[in-house]
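Below are two complexes that have chain A in common, paired first with chain B and then with chain C.
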Partner chain A sequence: MILLLTDGVPRRVLKLLAGLSLVLLAAPLAASDYLITVLILVLYFAYVGQAWNLMMGFAGQLSLGHALYVGLGAYAAAALYVHFGVGPWLGLWVAMASSAAVGATIGFLAFRFGVGGVYFAILTIAFAEFARIGFDHWGWLGGSAGLFLPVANYARNDILTLRGSPTMFYYVMLTMTAAAFVLCHALLRSRIGYYWLAIRESPDAAQALGIDIFRCKMVAVIISAAMTSLGGVLFAFYYNNLFPEQIFHISRSIELILGPIIGGIGTLAGPIVGAFLLSTLAEGLSEIMRWVGIDLPGIKQVFYGFCLLGVVLFLPDGVWPPLGRWLGLGREEGDRESGEGER
Partner chain B sequence: MTALLEVAHISKSFSGLKALENVSFVVPEGSIIGLIGPNGAGKTTCFNVIAGVTQADAGEVRLAGQRIDGWRPDQVCRAGIGRTFQLVKPFAGLSVMENVVVGALNACASVRAAKVRAGDIIEQLGLAEKRRDVAASLTLPERKRLEVARALATGPRLLMLDEVMAGLRPTETDHMVALFRALNANMGLTILLIEHVMRAVMALSSGLIVLNHGQVIAAGPPAEVTRDPAVLECYLGEEAL
Partner chain C sequence: MPAEIYLNVAVSGLLTGLVYGLMALGLSVIFGVVRIVNFAHGEMMTIAMYLAVALFSAYRLDPLAMLVPIAAVLFALGYVMQRGLINPFINRPEHSQFMLLVAAALIMVNALLIAFGPDARGVQTSYAFASYALGPLIVDATKAYAGLAAVTVAAGLFAFFRYTLIGKAIRACADNYAGALVVGLDVKRLYALTFAIGSACVGACGSMMVLLVDVTPPLGPTYTLLAFVIVITGGLGSMAGALLGGVLIGVTEALGGLLFTPSAKSMFTFAILVVVLLFRPQGLLGKRLT
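Right, the complex of A and B next:
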């Protein structure tokens, strides 16, 4: 299995990945509590960014409502835990199944009736807004007053109920991000991966080559929704409080897609690179501002804005493609061809 | 020869404009048939109806006896019809190899097998040196060849070519003609081609169908059809004599 996954991947890339994994695995030994919380956030955005990228970057379907799946996953797992004492490891299946079902519904409505492009994007926003307003009025889930997970003093890390220190969450998030990366890598090299790219590039030509584009797009939406909701489960158990106004808000949907856009849509490394760049730079900026003694609320958002502007203007393909070339790692799609890695 | 493709009484109107009117013809198994006619005669519409892109208002399309009218384009492809687009539609952001692999996956059980098949076809089409280049970087003649390679990779019984010689240099045209002849002779591939380059049409076709104003005005062996006064008048003109 591992051989199959690394087959055709240049040795340089493998070495770099191994080195990066070691650094990330060892990080909690050296990092401060603050740095760990920043890294958790980075990994979270890398993870959900990867999930969004599967749908947009691979299959070419623009979703601007991915906060919907984060929220559904978070609420499903949290409600099961709070009301029935069902742990997150069981709850996540319910979370993923319900998000997949909602994703399938949106996908069916859109793809069956030929809603595409920006109209599809608007549909995804609409559903996220439905959820935000609906959950705001759903008393059983706390409504607008929020749903809270019991917080106790974590004397020890309980991985079974996901109650524990940030370091535990860090490792869980790291595992998920790595798993998402490997999954996307494998998908991209599989039949459905080729089909997604073909649909992204030209739906007409893809269909003429025998590809059932409806089915392939549905698969993309379902996998993406399920993956995203798993991020939501972690979100719920890490932050312990959920408010519909926040979790389903469109700003969350936008925040989630900035990483892949800045890193490089359609690339495997893009969402990770983008999340690292954005979060570390933004946090660094707030640190500097604090240090200098300037307190400007919203400075992070302004900074995001400028980053996006810079990328759109100067690096329309994102940061990763040129960075990857500079590191001598080549174009990812090229690597998917048999054997000869370096161009 | 048995009929591989049968088109029977196809009609299609676009908001009042009759693009096809009671069009019928047969493409025998193993033949190369040219579909010619002036611009706007309905040739591409006819292709789109066969390929499932456009639904006909009336009529039937059969592939090897099985009705395929009303099928989606992907179903038609899987049934055994590969087609190219007159306005080429390469997967611009993918490499030449990846473009052809997508087509080959239709004929192969695994990605690995599809890569092998795609490599062979790229070789045949003379694109081997370009296999790692993104399709967006290809010249128009190269894109036409890529279009053919992709359609061929799907493993069709019938290959429908929409003006793949247009814009090619005479030597490139000859190369294409030789390729299609070889595919037809060696693999028994049946070909239906829309073409304006008469040099290629005459070199390839065992039969011609002439469309004008959405109607079949002549059909038969090339030598006969090109002497037909109606065809000369509407399409070929005096100089063809």
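Right, the complex of A and C next:
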């Protein structure tokens, strides 16, 4: 199995990955509590970014409403836990199943009726907003007043009910991120992975070659939705509070896709590199602001915005493709040809 | 509830909808010609709204009287944005354009936050509580003026695109990009002009909108979204469609707020969008997608 996965991957890449895994595994030994919470967030964004990237970067379907699946997963698992005492390890199946069902519904409606491109993106926003307002008025789930999980007992790590210290969540999140990376790597080298890339580059040509593009796109949406909702489950049990206004909000959807876009859309390393870069940027800006002594609300976001502008202006394919080449890691299979002439 | 209430609410929704329609018109014009979805549309409107608020609180200038100067400022902003920022992105993939404008929107929202603070700001005009009685109908004066102004601006825009040479040239760019290049049109300049006109639209709309709602920096994304919904409902690239979509959404919001709770009113908006996207993806007045 492992041989199958690593087959054909350059040695340098494997060594680098092994080194990175070791550093990440050992991080809690040296890192402060604050740094751990930052790293959890980084890994969370790397994970959901990977899930989104599968749909957009591989299959070419732009979703701007992925907060929908995060929220559905979070609420499904949290509601089962709060109302019925069902633990997260059972709840996550319900979360994934319900998100996959919703994703399938959206995908079915859109792809059957030929809704694509910008229209599909807006449709995904519409469903996320619909859910936000709906959950705001759903009393059983706390409505706009929020749904709260019993607060974690930091003295003991209980992996079965996901109650415990940030360090425990760090390792859970790290496992999920690694698993998502391996899954996406495997998918990219599978038959459907090649179908996705073909559809992304040219749906018409793919269809002419006899690829069932409807089925392939549906599979992409369903896998992406289920993966994303798993991130939501963890989000719920880590933060212990859920507000529709926050979790389903469009800014969450945008936040989630910044990482893969900045890192490099359609690449396996992109979401991870992007999540690390953006968090470092945000933390670095806070640090600089504190150091300079400016305390204006919004000033940090303005700089953040300019940095994003800089990346999209000067690195149109994201940070990873040039960085990877510079590190001598070559191109990945999922790499997108440079975006010229896509009009 | 007596029927008059429904009628009153519907008329009020219709007038608000006209203002929404003008906002969407700006987005539609930009998309129809430049093929860029302006994800900073609502944010540009909040800039206009803050301009109106600032002018009002400093010099007691009525927002409706300031409509033209504010539109001119946004026109300039739009022109510069298209020339400096967006032009290189015209042939880039959608997600790249999206990122660019999201970054621009982020900067706008937070620059407004720095400049004006997080509190809601509004204007208190002398006619804020005036109304006209037309039989059983009671029409809010502010909304009537705003709706009228929106129709005037929209009519001016229709005339511009139909009768002026520049308007025709812009339509030519939208119809056939290569053809426009062949006959020697300066497409880059026309694109910048179009983006500027779309921005002026949203500027004019902002000076009306400030009469209807108080402005806060995070209002931007909400209106960006609303503009999308309207434009897609009406048909991307169709100018009449944008106005029709605006009215439809305005009336739906108003009646939805009356029949259910006001906080759930945008659910109906999104429900309409989903239905339209599924059964008529090109929008109510849009041309069939190819």
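Methods note: the second predicted complex is superposed on the first by the 327 of 343 C-alpha atoms of A that agree within 3 Å, B and C clash if a C-alpha of one lies under 4 Å from a C-alpha of the other, contacts with A are read in each partner's own complex, and residues count from 1 in each chain.
As a convention for this text, a residue touches a chain if its C-beta (ideal position, glycine included) is under 8 Å from a C-beta of that chain, and two chains touch if they have at least 3 such contacts.
Computed from a predicted structure; not experimentally measured.
Student: Of chain B and chain C, which one contacts the greater number of residues in chain A?
Tutor: Counted on chain A, the partner with more touching residues turns out to be C.
Student: Using the touch definition from the top, say if A:R191 reaches chain B (first), chain C (second), both or neither.
Tutor: first
Student: Under the stated touch criterion, which partner chain does A:K217 make contact with: chain B (first), chain C (second), both, or neither?
Tutor: It touches nothing on chain B or chain C.
Student: Of the partners chain B and chain C, which touch A:R252 in the superposed model: first, second, both, neither?
Tutor: The answer is neither, since A:R252 touches no partner chain.
Student: Tell me the contact category for A:A208 with respect to chain B and chain C: first, second, both or neither.
Tutor: In the superposition, A:A208 contacts chain B only.
Student: Considering only touches as defined above, state whether A:H66 meets chain B (first), chain C (second), both or neither.
Tutor: A:H66 contacts neither chain B nor chain C.
Student: Using the superposition on chain A described above, determine whether A:R163 touches chain B (first), chain C (second), both, or neither.
Tutor: neither
Student: Across the two complexes, what residues of chain A are contacted by chain B and by chain C?
Tutor: Comparing the two interfaces on chain A, one with chain B and one with chain C, the shared residues are 343.
Student: Within their complex, state which residues of chain A touch chain C.
Tutor: 56, 62, 64, 109-110, 113-115, 117-119, 121-123, 125-127, 129-130, 133-134, 136-137, 144, 250-251, 254, 257-258, 261-262, 265, 296-299, 301-302, 304-306, 308-309, 312-313, 316, 339-343
Student: Which of the residues in chain A come into contact with chain B in the complex?
Tutor: Residues in contact with chain B: 189-191, 194-195, 197-198, 200-202, 204-213, 266, 333-334, 336-338, 343.
Student: Considering only the defined contacts, which chain B positions touch chain A in the complex?
Tutor: Answer in residue numbers: 51, 53, 72-74, 77-78, 82-83, 85, 89-95, 97-98, 101-103, 105-106, 111-112, 114-115, 132, 150-151, 153-154.
Student: Quick one: in the complex, what on chain C touches chain A?
Tutor: Residues of chain C touching chain A: 35, 37, 85, 88-96, 98-100, 102-104, 106-107, 109-114, 118, 217, 221, 225, 228-229, 232, 236, 261, 263-264, 266-267, 270-271, 273-274, 277-279, 281, 289.
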